[in-house]
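Below are two complexes that have chain A in common, paired first with chain B and then with chain C.
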Partner chain A sequence: MSRNKYDYQAFFFVLPLLLMIAVFMLYPALTTFYYGFTKWNGISSPIWQGLANFARLLRDSSFHASVRNALILALYVPLWTILPLLVAASIRKPVLGSGFFRSVALVPFVMSPVILGVLFNVLLRTNGVINTLLRGVGLGMLSTDWLVEPDLVIHVVALVTIFKFFGFGVILYLGAMGKISESLYDAAKIDGCSWLQTLRAVTVPGIRHTMEFFVVLGFITFFARMFPIIYTMTGGGPGYASFVPEFGIYFQAFQNFQLGYSATWAIFVYLLTFLIIFAQVMLMRREEAQ
Partner chain B sequence: MSRGAGRVVVSIVAILLGLLTILPFYFMVVTSIKNTDSYLAEKLLPPSRPTFENYVTIFSQLKLAVYFRNSVIVLAATLFPYVLICSAAGFAFAKLRFPLRIPLLLLVTAIMIFPQMVLGVQIYNLQARMGIINTHAGLVFAYLGYFAPYAAYLMTSYFRGIPRTFLEAAKIDGAGLWSIYLRIMLPIARPMLVTVIIVGSQAIWNELPFCLLLLRSTEKRTLMAAIALLNGEYGVPAMEMCAALTVVALPIILLYVIAQRQIQRGILAGGIKE
Partner chain C sequence: MKREKIGAVVLILLLTTATGLFAGGGQEAAGPVTITIWDWFTGSKGSQGVLADKLDEAFQTKYPDIQVNHESVPHPPYDIYQAAIVGKEGADCILVHANGQNFQDLGEAFVVIDDSIADMRDQFPLATLADCSPERDVSLGVRGLPMTVQGWVWYYNKQLFNQAGVDAENPPTTWDELLKACAKLEASGTVPVGFGKGIHAEMIIAGTLDQVLSDEEKRGLLSGDFLFTDRKCLVTYEKFADLFQRGYMDQEGLTVPLLREKGEEFMAGKSAIFRGFISDIFNWFEFGEALGPENLGVIPNFYFAPSTHRGVVGAAGGVGYAVPTYSDHQDAAIEWVKFTASVEGANLLLRNGGAVPANTEADRSLVANEVGVEIMELTANKLVPPTKAFTQTPQWNVLRSHAPLMLKGEISAREYGEEIEKARE
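Right after this comes the complex of A and B.
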């Protein structure tokens, strides 16, 4: 049997998948980069604008708000990354209760962001359950209008998002920790390493690739996948207090019917996503070089 | 401090975290079986006299049954082509040689990163021109394009683990690629097919941006878009909202209870590599 012989029939097996990707994903993605430079209401033919849409974007106060909010969300990536790490490292060796936690850890993750967004919208209302709960445990002074305070709301959104992904992070890290050789932990113990030293010297290096994946997921989530949870929890408001770049795409297209300008917003979100992927690839290259 | 004390602290923290994880969903269910009076009087505890009137209301007045049926139709219509497309591609990527195999596989992996909201508006434009906007078929195509790549990626890594000898032996017996795929590969891959179906069902059931953008009329709408619009536009009371959420969450909770292992395997495969 010759080694270089191609199975040309293979194309029939990959064709349906590639067709779906090409028509319904790649083509729409590529057209964004054309429409973003045009003035277009979706009905008449698009008019080429050059860079005018981008100049407008840079002057747009809703764009400024969305960038500010995206940056605030990104500040939560360390918490997003480290919180599950501490918990996973603590329950690496099973203790009483860790089995219970593991069995429910993924429940928020498998729930729709729509369910979480609407649910927390209900729970966080002024007379909602969470304020009642705070008063019940003597923290009544903390009770507030969580989704109405402009300076607070984006932080609440970040914390609810971390709540959704926290258990996924723990289970992911535990899976990766299972692949670390137990002899490394024994060696750390013989060397008299404390819990924190063991975490830094054995656990973190051992699960580094998984942590990198989770960090990248964090940035992508906060920069480009917040729409469902924010749409249902706050609608982007009050005002522009939780307005993120994805909302610009949505509102320009479906409220203002400016599909050209909407695509300009979309190009910005693509650039953010590519930036994250580029940073990850560079990081991986540097590691391999070492 | 003794190690025993440390273990007790970890145990307590683990149990508290577990309870905290499910606490919002406890409130969801408990609130859904209260009437206005018992909700105003007592928010945290279950009602002394549970009522199902909220469930009656959401089905009779908010047309939840229509949306539920639409969601089931879209899910059912997506799953069969989804399984066929991703398993066929996975088989080819893992077991066959063809030009551009690696670049195409990279393309498939890259699709998983594309943000949905960014794609959504242009998919809307495309489907409007194709004349399939506001149809369930259009939504099914968008789901196939967006969710089949991850499934194909899972199938590829599964088929890679199957020894080539299976393939070679079948070839020597004169079997064509189609019969190898249908008679040998698909039966071998049954555990991964189950995983792919479960992960896909969960993703499709939960999805918001595409169904919100592509289905414009009320009678076509699926559950997630309906729930999102319900909460945004009409002041639906907390108890009824929670009843609707419970109905929508129930299939996912059941799936989680029945198939927790497959869910874990399916969603962890993207993050843990050798």
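Right after this comes the complex of A and C.
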């Protein structure tokens, strides 16, 4: 009796949140699935047209480019994960400047992605600061059109994104490393482990869950949270060179006024993200079971 | 039991509050009607900001019972408009471009104003009213009134021309003459043609197609009878790719997302030739103020074969206000639409904004700027329909997004045209 009463009260307290999730997330998500099968400009009534949008999606050259770019971005997840790990492991014990580094590391992370995008647009222009500096120090052969070269621009976008989250990763890893018993490091030292061996045998297993979280965050970021940086830095271009599926949702809805087709893009992004996250969670659970 | 009672009371209170909020949303307060207006004029620096203030002031004097709440939206505003229209919540009056497909894309969302404008309909060229109608057909209902006529011309800095040894009083009017002038300008250390990819790429390309294509060919672009891969179009793309690759166009322009930045550089004398507007911003008025009217010249277009026209400007209805159907104050909002396009509003434009008014009864003698006078003559005698008016929105977006690749030579002129055609609905 007492148990039932407790459950009822708990449900009552989470009800407002559930309602908000239902109204602002679940309902729009479900209607998106419906609109994905319609021709709709957002003004007149949607017209059901079956799988026509999906057939169009498969023929769409901007979609092909966006998938290719998303896969290129995904290749940067290892760098996204390992770079902050190496830095965090290096400053785990205070060294000269590590305190200062910890303070400034989070600055790019707390900076709005819009500001960061605009900033890097200015820095990376043909006559921007980066190229001017390169030319100034005699490395003019390395200066290039960072934001115009179609084969280069998506890599530049990936590196800027890693730069934004790098400090967050370092702080996250440092927090997790703080929970590893110092005796394990002492034991590794007595056993004659090198810095790299200690990292592999002590640090990485000790922060595995944090790393898994950061990997998932990396995939979510690269697949579904790139819009502000791309919009402000490259506008998805040149051509479709930095066009990603998430950008396609916006582009079809608010540039081309094709909300039905835009919903089809959204369904694709949802399914893609869901599949990746699902696969990762399954992998983690299997490892835990082992 | 007591806890359950408290819970029930809280739940009822929550529901009551929520019901009250939703029910109260549409209620109107007594007293003067307040209309909310969205445009990108308000608060902007330069002539547009001044114009917005003057329009507000004059309107409030004429209609004291209608309060104006002017709110600025970023340009381009269509993502915000689209969200407002889908949500049926937002401004009572919004500023729309009539020279593209915007009135056609969003037309269903706007109130038909034919009856309200019956007394002033004759003051506007039929073509500009068509620009504010679905499918550019006034019989389907006019949805807004154009304040301006908008088009693109090449402005040039006479001082920089003279310094480079180019005759500023007899500027280049053909493509070959342009190349020769650019060579001299470059040799004098000036950027010959200012350029920022923002909305500039489509301005230079489509604005040139305005003279290259016949009116029938332009109409064919919309219906699909004429394609962006036609030889005439390919020649045009190749001309600009060549101009860029020769280094005559600002090379940095491909990475600069905002036209404004490069427009301001032209005003600062850092480039010699610049594609600008005839209304709104970066026009004869603003450039004249910055460079001195005596230092500013205008060239409609540079001729090359096989162009259909010579020395023409592609222009259509510029910006105009429209009233979304969700507005609770449609009558008051229509008064604003009418006022801004009226003779009184048009004269305010001429005095303060440096625009070409769509209203034919506006007092054009108010224009003192020499180039402004020339523009008024051009728009009176040398106007052709703009390519933009006959380009589907998705195609227009590809024309813009792929222009840097074509200019840089990453894709050929044909591939560029094919990409634009792939976006055809």
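As a convention for this text, the second predicted complex is superposed on the first by the 277 of 290 C-alpha atoms of A that agree within 3 Å, B and C clash if a C-alpha of one lies under 4 Å from a C-alpha of the other, contacts with A are read in each partner's own complex, and residues count from 1 in each chain.
Here is the rule we go by: a contact is a pair of C-beta atoms (placed from the backbone, for glycine too) under 8 Å apart; a residue touches a chain by one contact, two chains touch by 3 or more.
Everything numeric in this text was worked out from a predicted model, so none of it was measured.
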Legend entry - Fit or clash between chain C and chain B when superposed on chain A: clash
Inset, instruction - In the overlay, answer first, second, both or neither for which of chain B and chain C A:97 touches. - result: first
Inset, instruction - Kindly classify A:238 by the partners it touches after superposition: chain B alone (first), chain C alone (second), both, or neither? - result: second
Inset, instruction - Return first, second, both or neither, reflecting whether A:9 touches chain B, chain C, both chains, or no partner chain. - result: both
Inset, instruction - Mind working out whether A:254 is in touch with chain B, chain C, both or neither, as first, second, both or neither? - result: both
Inset, instruction - Go through the superposed model and pick first if A:136 touches only chain B, second if only chain C, both, or neither. - result: first
Inset, instruction - Considering only the touch criterion stated at the top, classify A:42 as touching first (chain B), second (chain C), both, or neither. - result: both
Legend entry - Touch count on chain A, higher of chain B and chain C: B
Inset, instruction - Return first, second, both or neither, reflecting whether A:121 touches chain B, chain C, both chains, or no partner chain. - result: both
Legend entry - Contacts of A:145 with chain B and chain C, given as first, second, both or neither: second
Inset, instruction - After superposing on chain A, check 254-262, 290-298 or 380-388 and name the one in chain C that bumps into chain B. - result: 254-262
Inset, instruction - Share the list of chain A residues that count as touching for chain B in one structure and for chain C in the other. - result: 5, 8-9, 16, 42, 121, 125, 128, 232, 235, 250, 253-254, 259
Inset, instruction - Spell out the residues on chain A that touch chain C in their complex, using ranges where they run on. - result: 5, 8-9, 12, 16, 41-44, 61, 121, 124-128, 145-148, 150, 232, 235-241, 250-251, 253-259
Legend entry - chain B-touching residues of chain A, taken from the complex the two chains share: 1, 4-11, 13-14, 16-18, 20-21, 23-29, 31-32, 35, 42, 87, 90-91, 95-98, 100-101, 103-123, 125, 128-129, 132-133, 136, 163, 166-168, 171-172, 175-176, 179, 209-210, 213-214, 217, 220, 224-225, 227-228, 231-232, 235, 246, 249-250, 253-254, 259, 262-263, 266, 269-270, 273, 277
Inset, instruction - Would you pull the chain B residues touching chain A in the complex into a rising list? - result: 7, 10-15, 17-18, 21-22, 24-25, 27-28, 31, 43-44, 81, 84-86, 88-89, 91-93, 96-99, 101, 104, 107-108, 111, 113-126, 128, 141-142, 144-146, 148-149, 152, 168, 177, 181, 202, 205-209, 212-213, 224, 227-228, 231-232, 238, 241-242, 245, 248-249, 252-253, 255-256, 260, 263-264, 267-268, 270-274
Inset, instruction - Quick one: which bits of chain C touch chain A in the complex? Just the residue numbers, please. - result: 3-4, 7, 11, 14, 78-79, 82-83, 85-86, 105-106, 108-109, 251-252, 254-257, 393-394, 397, 401-402, 404-405, 408, 410-411, 419, 422
